[in-house]
């Protein structure tokens, strides 16, 4: 399934890809706010390896859309300095794993500067990180690194799953006075949905999950690249008699406890689905906090369907690693549909 | 053979060097020779160059040196009294510290490392605020925008790319702003040093990098840190001028940094300055320097003390008499007394501040946690 | 409480600090195996800022105990190369936050090399990281960074809480053919316990949790610096009528599901306690997996007592952040001791 | 003025430079001048230096160049056939690739970057194994210990500290091993480059750093990567010799690298070699080079093709006739045919391998997950 999901049909819309929506968000941000600067490796003439910044250097000049030297800590560190001076840098990390050299800058400065200075020095930075697998990428090109980011207080962590959200959330992230890790699900870049690029939707506030599909049997809690997979699983589950609700978290930090818990209280059962490795991944946090808050509504433990606890596999084996429809349905089947005392 | 570039930096000529950018690599290069570090540390005090030096400047530097020395002594004393968690002294390094502050204009920015509270104070920051980090009441004791002093940076060399980014941003905005970033000899080994200097050179950012080579990174001597002929030589690999200066000669540091700041301001890009100096005290009050160096070495350096060098020069010029010395010392004592008093007052702390500044857009999670702490604090009070 | 806990009295023991036990483990490893090399910032003449390597350079020479240049990625990267050639490097990171520059080397190489080469190239590396707060350290000197490490498949993550374990687990880590993140709880360095340094205990296998205190009411699941705090809380809880069990995990990866679940099934209630921030921290993983495995034995949701989701506070405020006895008892009190339907 | 060091490296003299280590900084330095890069790219083919060149070596290089070119073409073709996920070609860079492999002895180690499969093949690795990463069946298609070739490194410059560590370890053990590490021009901007070179120089590790300056990092030209006069100049900042060589002149690269390897082997420490070359193809088959460079530039470089340079030299010496050319080409065709055949066979994959090699000491968690996958696979088969 390569189509993004959940957008209601609007008049005069036409099919657009997530890549186009992201590009449009960058263009609109650059046009509206002169303090916005796009920077990274190959974001200029090339338009980025995923072409998200295509044409922007030409349109806004190399001072606004800048090919940097090849050094991620330097890129992020320089962006910190630019943000200190009132600019609003949007940094592109070329791939998930190539954000790691910038980790110290991220943890020790980006996440801490505002707190360190009692709010005097905000860093309105957006760090775009293409993440996740499923595109046949060789080693280091398919990591899901969100566990590192969500464990770092001071960062917002946002990830779209639809074309519309790609636009709205990126605009909101750039407009935010907090540093935002903006995780772009690589394999949805070319997913299409009908969208009206001439009248982009208003900017979505960060921190609100959305119910992508209503259902009564159980809730799938998911985000980013796993949203379409969960939608597909929910369709397939109907044949088995399960009516699944799908919640797209959209933002891991801040976390929308309200929407999530409302859904789980309604259904009484939940499965968290993500590509990131299970152990120490976001699913643990989500399952734990849902259980803390909804214990007496739960008919079964919150289960997790995640990537295995292994380095991301080579292209020819990645399908065995990625959480797919079958694995999700297997988990749903284990949600103790009849009384199975003593299983725990 | 020594020559001059368009903007007046004296450089060593290196013959026959070649263009960085192919193609084609086999065509010989014709543009000016790349900049090389000074052949030997640049000096003013005690040389003929001193004749040109401005008396008012020398007296100003002298006052700052004496005050700086007193500041170091007072801060060290405060650690013993439990008023500071820890203090990394710059005794012996006052010349570089105060010169770094004095060469900047008001709109410029200073990027100090964790050791450089003295530079911040010499730039006009309230010493109590400068010492906030080390007192332990908050991470940064001041508003960076007030004096344009970035937060003291503890992770070594990480502040250098910030300085580059800020200077670059100012230049893009057309503002007349230079950033001066400080780092230690040990810090030059970090990847961030490399990346920052490279970005600065490529972007021609108006930034000056001041390396205080004080001989040690905690216990590790320079010889275990680098095999380079000097740290200033590192400039060569970035295509920027490198200058080597006697870091205990305040007039020399001031002159070399002023020139670098002038060049940056004029759009000629960054400079790397190595100030060779020595850390007379241990790494911090918690350190035991006898484990890794002997007193004889320290004594050698005492003979090259920045204050003594300056006093000799001023006395030679007839600018220093007992009265002036007394005035300078009295003023330093006053400063120290005020600092003592400021640090003796217990800071007023609000534990709820732990949650207030993490985000501009607060999360519900932190709101809940703040409520938890508030309830705990209220329960504590009721007891 | 500054004394490490749980060691049964043996004959001819005398008080020793955790720092001494760690030093002894390094010395014994260096003496027994010529391929062991200790390296890092200030580990030579100075003996490390915590003096853990005191005297080792003198005893084994600078080729075996080496002051490196000040560059953490370089240190770890060089250690990787040394390990490739058959050495067994033991790297000291000076403080938790100063391990971040080495993150890319850690994630992209240390954790992946063995898998990448189908087992041909093991990296028998030990990375010692002093971690945690409670020592009045200024910014960057008190981080609990274990969330990053446990989310990285390919690493083992080990942390001692007692003098005896400090020795045994460090020996085991150095002897292991897997890369081990060895987290040393700074504030226990000077904790003492009676120990026989002349006949160190046999090397503890990595991956086994231990019950530090037996109890029947509820289980405290904890590790490292929080173990003594939990022991204290368990003592205090007796006054309130709770008999708490305390499990010291000792190793976060591999995780000892067996010991942990056996305890929770026995008590029916659990609280996870750690200093690391709550959101995305190890507690989520632990609570989630315990719930998955022991759901029908649980009388209450597994709760977490953790550091707040904030950058580590300045010294004068850290006591408000650190999980202490009161906060643990508050959590225990919320374990639904009487039927409280509808709380969730 | 040019002079020679004890171990024979020609260097430029720099007068009056100063000791890195205080104290005392004000005492002039007396040890030999620091090493500087070659004044211009070193060349052999078509110069008088060629007279000294060994014919057998030239012929060997020629054969490898032709085979390398054919290898690049074949691998590129395999991407079109869907047999390779992606291929970063070294067409135009064959001289540096094959010379890097040939200068090493059997016990030495090669540390290739992701682009350098050709160097690995020239060292003797089965090309099907060399391409394993890019085919996508496993991350490293070979046992690194078999030919002493480290895994191809995708994260740029991260392999450089590994080479330093390995070389250092070998030296500590008293083994006669040199490590040669390859990196691109873009990779020199990474912090790991800096840290690796610094460690190597401080430790005097027997390692040679080969930078292939092919003008681009994907789309980013060298001028946006560095402002240095050359990448070889970066050596100055580490106190190691830097050499600049025409990267399309296989004989020259071979000579300069051989000297560097010899020096490393003799205990004189590391060398940085910059081979100036050009990437004739796009970054990879997936890249569109017309977005960032024009054909004219590519054509300029075609006139300096490594194979043509070598053929001219060999023909001039009367060493090349049609027969020999045919023999070399036939052998290259055979090689390509074998590669094609090897790559056409579908690799045999075992999904359970996902769990087997993560740890030496398997975790119970992974055992459980392996069981889960096994059950899934069995269920799949039953359907």
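A, B, C and D label the chains in the order they appear, each numbered from 1.
Note that a contact is a pair of C-beta atoms (placed from the backbone, for glycine too) under 8 Å apart; a residue touches a chain by one contact, two chains touch by 3 or more.
Since the structure is predicted, the reported quantities are computational estimates derived from the model, not experimental observations.
Undergrad: From the centre of chain A, which chain's CA centre is farthest?
TA: Comparing chain centres, B lies farthest from chain A.
Undergrad: Contact counts by the stated rule: is the higher one at A-D or A-B?
TA: The greater number of contacts lies at A-B.
Undergrad: Using Cα averages as centroids, what's the distance between chain A and chain B in whole Å?
TA: Centres of chain A and chain B (C-alpha means) sit 41 Å apart.
Undergrad: Distance from the CA centroid of chain A to that of chain D, rounded to the nearest Å?
TA: Chain centres of chain A and chain D, defined by C-alpha means, are spaced 37 Å apart.
Undergrad: Could you grab the centroid distance between chain A and chain C? Build each centroid from C-alpha atoms only and quote it in angstrom.
TA: About 31 Å, centre to centre.
Undergrad: Quick check on chain C: which residues sit in contact with 2+ other chains?
TA: If we look for residues of chain C contacting two or more partner chains, we find 68-69, 71, 73-74, 97, 100-101, 104, 108, 112, 115-116, 139-140, 153-154, 253, 255, 279, 308-311.
Undergrad: Residues of chain B that contact two or more other chains, please.
TA: Expected reply: 138-139, 155, 189-192, 194-195, 198, 202, 224-226, 353, 358, 363, 365.
Undergrad: Given the complex with chain D, which residues does chain A contribute to the contact?
TA: 41-42, 44-47, 49, 67-74, 97-98, 100-101, 136-141, 279, 308-311, 313-317, 320-321, 326-327
Undergrad: Mind listing the chain A positions that touch chain C in their complex?
TA: On the chain A side, the touching residues are 73, 97, 100-101, 103-104, 107-108, 111-112, 115-116, 139-140, 147-148, 150-154, 253, 255, 265, 276-277, 279-289, 291-298, 300-304, 308-311, 341-344.
Undergrad: For chain D, which residues are in contact with chain A within the complex?
TA: Per the touch definition, chain D meets chain A at residues 85-86, 133-139, 154-156, 186-187, 189-192, 217-220, 224-226, 291-292, 347, 349, 351, 353-355, 358, 363, 365-366, 369, 373, 376-377.
Undergrad: Which positions of chain D touch chain B when the two form their complex?
TA: 12, 14-26, 28-29, 34, 36-37, 39-41, 43, 189-195, 198, 201-202, 204, 213, 215, 221-231, 233-240, 244, 246-247, 269, 276-278, 297, 300-301, 304
Undergrad: For a test of understanding, state which residues of chain B touch chain A in their complex under the given definition.
TA: Answer in residue numbers: 138-140, 143-145, 150-151, 155, 158, 160-170, 172-173, 179, 191-192, 194-196, 198-199, 202, 353, 356-361, 363-365.
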